[in-house]
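Chain naming follows the written order as A, B, C and D, and within any one chain the residues start at number 1.
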Amino acid sequence: MGTSTTVSSALLTRFQAVRSLTDSLSEPLCAEDQVVQSMPDASPTKWHRAHTTWFFETFVLPRRSGGHAPFHPAYGYLFNSYYEAVGARHARNERGLLSRPTVDEVAAYRRHIDTAVGDLLTGEPLDDATATLIELGINHEQQHQELLLMDIKHLLAQNPLRPEYAEPWQQPSSTEPPPLQWHEHDGGIVPVGHQGEGFAFDNESPRHDVLLAPFRLADRLTTCGEWIEFIDDGGYERAELWLSDGWARRCDEQWDAPLYWHREDEHWRVFTLRGDRPVNPAEPVCHVSFFEADAYARWAGARLPHEAEWETVAVEQLDAGPLEGHFLDDGPYHPTAASSTWRHHPVRQLFGDVWEFTSSPYIGYPGFSPAAGAVGEYNGKFMSGQMVLRGGCCVTPWNHIRPTYRNFFPPHSRWQFGGVRLASDDD
Amino acid sequence: MGTSTTVSSALLTRFQAVRSLTDSLSEPLCAEDQVVQSMPDASPTKWHRAHTTWFFETFVLPRRSGGHAPFHPAYGYLFNSYYEAVGARHARNERGLLSRPTVDEVAAYRRHIDTAVGDLLTGEPLDDATATLIELGINHEQQHQELLLMDIKHLLAQNPLRPEYAEPWQQPSSTEPPPLQWHEHDGGIVPVGHQGEGFAFDNESPRHDVLLAPFRLADRLTTCGEWIEFIDDGGYERAELWLSDGWARRCDEQWDAPLYWHREDEHWRVFTLRGDRPVNPAEPVCHVSFFEADAYARWAGARLPHEAEWETVAVEQLDAGPLEGHFLDDGPYHPTAASSTWRHHPVRQLFGDVWEFTSSPYIGYPGFSPAAGAVGEYNGKFMSGQMVLRGGCCVTPWNHIRPTYRNFFPPHSRWQFGGVRLASDDD
Amino acid sequence: MGTSTTVSSALLTRFQAVRSLTDSLSEPLCAEDQVVQSMPDASPTKWHRAHTTWFFETFVLPRRSGGHAPFHPAYGYLFNSYYEAVGARHARNERGLLSRPTVDEVAAYRRHIDTAVGDLLTGEPLDDATATLIELGINHEQQHQELLLMDIKHLLAQNPLRPEYAEPWQQPSSTEPPPLQWHEHDGGIVPVGHQGEGFAFDNESPRHDVLLAPFRLADRLTTCGEWIEFIDDGGYERAELWLSDGWARRCDEQWDAPLYWHREDEHWRVFTLRGDRPVNPAEPVCHVSFFEADAYARWAGARLPHEAEWETVAVEQLDAGPLEGHFLDDGPYHPTAASSTWRHHPVRQLFGDVWEFTSSPYIGYPGFSPAAGAVGEYNGKFMSGQMVLRGGCCVTPWNHIRPTYRNFFPPHSRWQFGGVRLASDDD
Amino acid sequence: MGTSTTVSSALLTRFQAVRSLTDSLSEPLCAEDQVVQSMPDASPTKWHRAHTTWFFETFVLPRRSGGHAPFHPAYGYLFNSYYEAVGARHARNERGLLSRPTVDEVAAYRRHIDTAVGDLLTGEPLDDATATLIELGINHEQQHQELLLMDIKHLLAQNPLRPEYAEPWQQPSSTEPPPLQWHEHDGGIVPVGHQGEGFAFDNESPRHDVLLAPFRLADRLTTCGEWIEFIDDGGYERAELWLSDGWARRCDEQWDAPLYWHREDEHWRVFTLRGDRPVNPAEPVCHVSFFEADAYARWAGARLPHEAEWETVAVEQLDAGPLEGHFLDDGPYHPTAASSTWRHHPVRQLFGDVWEFTSSPYIGYPGFSPAAGAVGEYNGKFMSGQMVLRGGCCVTPWNHIRPTYRNFFPPHSRWQFGGVRLASDDD
């Protein structure tokens, strides 16, 4: 069954907007910035730009009547990320060895595929499967927009010159955050997972019921000021606060503060995409690992929320009002709400500041099965050794955030914009 | 409040039985066998014997009125495994460098501490806390009895001479296993976790309710014969069957069969504690990792059970009859039931053959808090990056097995006696 | 005592020529090519361009009357290679993480320092020590011109797209090389090391006498055709031909041919700076390690020459005629003599084809002492674990070659243009 | 041509004496000590005892008329060290994984082979080649006697219990060493290498002439007292004193004193085979690497001797009097001369205290060719990446020492008994 012209047209608009945003995110970067891989987990900007294009070329364009002639015989190999079913691919940790294709050649690749997808969307009637794959490609590219910014931040932070990605933004003078208060919830049998018409990844399904005991959730995120108290109280030196693997990692990598923090003349400073500046005690702590978040929670006499607890509260809050970001100043997006103005709302900062660590290992929901075909490798095969994070952060495209969204990273990862919201058992 | 003399006396009996079993497990081993560490995860026999002794010396004996003079000034350092609260310790991966104390000196250490604990148990009235710690020490030593056998099997398997730990046991002529059948369960709200008077580790509490969807559990373990079908069908070569981390591990370590299997003249053989022998197609497959178990389940069109599903069925089955082991021949314990005789029971082989992988990451139950004091490090701090196994295996002391018991290993570990029971969603 | 204006003027001419050549070597490269570090031993083009500039800024410009204000406060740190006496420096294996300064910023740095050195050379009278340091800087930059080409070749070779640095050059149709003949030498007490007015590195001194037994030296280099015979005779599979460390390396890195060779349809092809092309059996084998050269010599019933043997013959040959390169086509320099035209000369190809491995470990000559000051770290501190190579190669600037020149690389290194000339004892 | 009965009989006596010494060196060790491998470079005592036996079984016994039936089918594999020509072998770094064969089984293996070699030597007339191989086997075992003691010292030093191999020996009260004086030598053309009838390894040949400039050699070894001055003057912190590779190693492994030294209450102590005791400032410094020796020499304004310089002086000194050891107390052998009694001799301590580092990389002498057959792998294939040491040390069997003997170790190795004698150029 075909998709209507209206749908195709809306899809084209969104396709073009997303593709265009990726290009504008690369604009502040010189060619040199776009080629380097700062660690095996990160990818060069140029690679993100090419890989997101490859995604459309590989999964969407072959569905055109008449087929699709590959733009370049080697790109299928070079820009496949991890799809075993699609074939061999260039080693992930060697992406930074590829000085060619150049940034300009990648831009030409993008334009070529954009045109072809545009033709597809304005030409023949679109079948549902193709529409679904384009939708997936759009969401895929949004994920890489965030990765691009995470990765470029990591790269620039390695450089003693401390280059800025975007102009510093004048933070409002810091105000005291409101005292942390607990939002109480009665628990019970609650639905978890995606429902309805909108797009969601396969890992948000199937929607199912979970039994929750009564619990309490912090009404705001943990702040940098609170994190400094944790540091000053020996939080990074007291093994009893840490999981065993976390403590080993802390010792190996000599963690003594969040990633990107450094001490200068007894004051903490932080490297951001807008340059190096003092830590603002009122803003949410960011770039901590699950291990640090977990240790902090133990120190605070609390715990991290289960993902079902988080989702339940998030859905309820969303029902009570529109999705409103309370952005950190770090990313390229202009913060719409300063950290000096605190919303009057039962539970603040759920969306768009930092990804919030949950206590939930990332596994499939009961009855989960991956999407059919090669795109089934998208999420399912990563369901071991990672933790779920919720909420979206200041470098997540705002229309990519939803309460059922399950992000995931290994418990030691720090380069994602991850922060902390406490939870506790009801007494 | 004091513990009664009867309790003390029963505790002494059990203490002596457990201590004596450890010694008899070491008896087939020469001094040379007892000193080597075959990999960082494994420990020398001698170390197990000393560490279990250190446990009583460190946590129990200082509670004697009059205190306890350390047997040797260095043993506190040498035989602490991972208790940060107790102080510095010898590096885990260097346990095999210690040729001293000798096996005889360790035996003398054991006798000395045995006497002291015996005096404690027959002398002054025992307070509850001390009794609890002795009980914990007994269960701790039982865990190390299993580890000792796992570790010595791993060591002997490295040796081209293929030494036997115990005499070969005449396996009954192999009979066809009964066809796998599905035990159906309606799910619902079920209780999970330990209750009652008997001993349990802190990670089995608190008992709490879990909501389960209807599910099906295989009525027997996956056999070696079935595993050979998986191998022959390319199970170890098809990336699409594997989790991403599992596939990476398989490639790095070139897995093509369970640990200890090797092919000779086109037939599979297996190294056991009773020597090298042909694989018996009827017996449960053993020494596979979680990653392999998970890939097998996917191949079989099924999944692994959630730990709450497993426990629910196990408790129900146990209510229907006594705990009866259906032992593999691998361990030193004489198998009480041959794999040729298949019990008539709805669900077979739940206890005492192989540890059964669940799909559940090892985390604390809702409301979990570790035991107070240094022994709080026993379980809680390992709650990341591991998977839960259930049931107990052929080298687990039989009185150490219970349906709420949560064993845990990293998803790539293979040297524990781990096997597979399938589950699936109710259609 | 001051250096005359004529000397200053000649030095300026040479300084400018060398600086200009470096820039033109970078010209075929895009910005992306210039930023990547393909392995810890190699450096980005951009880094070579900046570091050679740093050398003049650090060692020469502070000698100006009135001193020198650093071009950029961080460049002293970023572009110091290994001079401990100069201070802390950026880690060698992280040079590829620096996307900034950009290629353009490095070019501006070069121009700035060029102007300052020009002012120094045209202004005040030059003292001898400064002139010596400028001379050293010129020779230093020539070394980096070769390194730049070695490193960029290594980088481009990692890329499945096989980019060309320079346009393919039409090789003359291959002609049979003349049969290898032995040049006999009587040995005796011979002088070794630099003498006279011209520039030489400290490691070429002091000139001293060495006692040589009679020996024979091959009158030409080992060819690719001969190397293929070695391969076909199992040269890479026969442990008895190899030094123990060499065999271990061969096994670890799975060497089965020179670096940059690959087999296609049973024919050997080679990646060069002028693209991928068939191996020419007549041209000298290149990109082999000392270990391979040594194994080849053993297979051929010969040995590698001692560096004193090589130098003695080279000096004698040079006395008999001008230094004439017999260039390989690999580099950016246009070959002046095709490998199809074989000079009639007792000993051919001594200079400008490939660096020739000697059997001599790189140590100081008797009585050696490094130059005074920080530049004393230039050569002396590397006198362990490396082997001496002689002769200069097709990517060595022709006016940087001399018979006393001692190049050195670890015995496993292959990315330098290293080849083989046989020697043997006189029977 | 056969060897005479007298020769056979003398050979048998020496064979038995050497074999018996190996056994007595193992006697102070328990079975546990004999099985552990403390690092990849070291081997278990048990392995040394078996491997030296394997040497006779493999190279000598098959020459018996009637041949030789292997003692055990797997020992050829298990106890081959590095002879590629003999076949596959157990991995060097896994020798410590072999708990079997046991120490007793190895002893039985030794007895069996001893009997067989005895039979060979007392039975049929001995051909020259066999006699040569037995001689080689005797010398081979003497090398392993030293290795056994080096390795067991390294093992015991890892143990916090600090076990003693032999009883402490009452050192004479320390006396001031005589001030270091320089022994002058005119240089000239000198012969180097073995000559005459006695046994020598292939690497001591061919005897050849070397041209030496005039030089000076220290008349005694560098003492621990002098080394402490080096330490106190920042010798381990000043990069300018070190070779680049040496400095990297020092930083990686955090060297701040010789191996086995540790500071206690501001005094240096040292672990020896006779236990832990204060450093004696008068005794030769020991267990330093070539890198440290080289840095020390630079600090002292001197250099290390070339091996030809050392040999020339040693031969001259030996001509002037008998080989007299001036033993350190470290080894199991009773020191015959206390360090408090200083011989009146132009050059002291040449033999039997510590191996003396030379500045000479270990390569073949001009015209060197390895012995024929598998034993040709004995020395030749190790001729890269190592440095020559001369003189023999306190754990070298006294009748295994000679002035032409070339020992060799990598420049970073410290577990051999290596020390320092200075040299310098004649001014």
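The definition used in the following text is that a contact is a pair of C-beta atoms (placed from the backbone, for glycine too) under 8 Å apart; a residue touches a chain by one contact, two chains touch by 3 or more.
This one's a predicted model, so the numbers in the text were calculated from it and none came from an experiment.
Using the mean of the Cα atoms as each chain's centre, the chain most removed from chain B is C.
A straight line joining the Cα centres of chain A and chain D is 60 Å long.
Rounded to whole angstrom units, the spacing between the C-alpha centres of chain A and chain C is 48. Taking each chain's centre as the average of its CA atoms, chain C and chain D sit 38 Å apart.
Under the contact definition stated at the top, not a single residue of chain C touches 2 or more other chains.
In terms of inter-chain touching, the protein chains here make up one closed cycle, each touching precisely two others. Those chain pairs judged to touch are A-B, A-C, B-D, C-D.
The residues of chain A lying in touch with chain B in their complex are 82, 84-85, 189, 208-211, 213, 239-240, 242-247, 290-291, 294, 306, 359, 361, 363, 366-367, 377, 381-385, 411, 425.
Of all residues in chain D, those touching chain B in their complex are 30-36, 38, 46, 74, 77-78, 90, 94, 96-103, 155-156, 158-161, 163.
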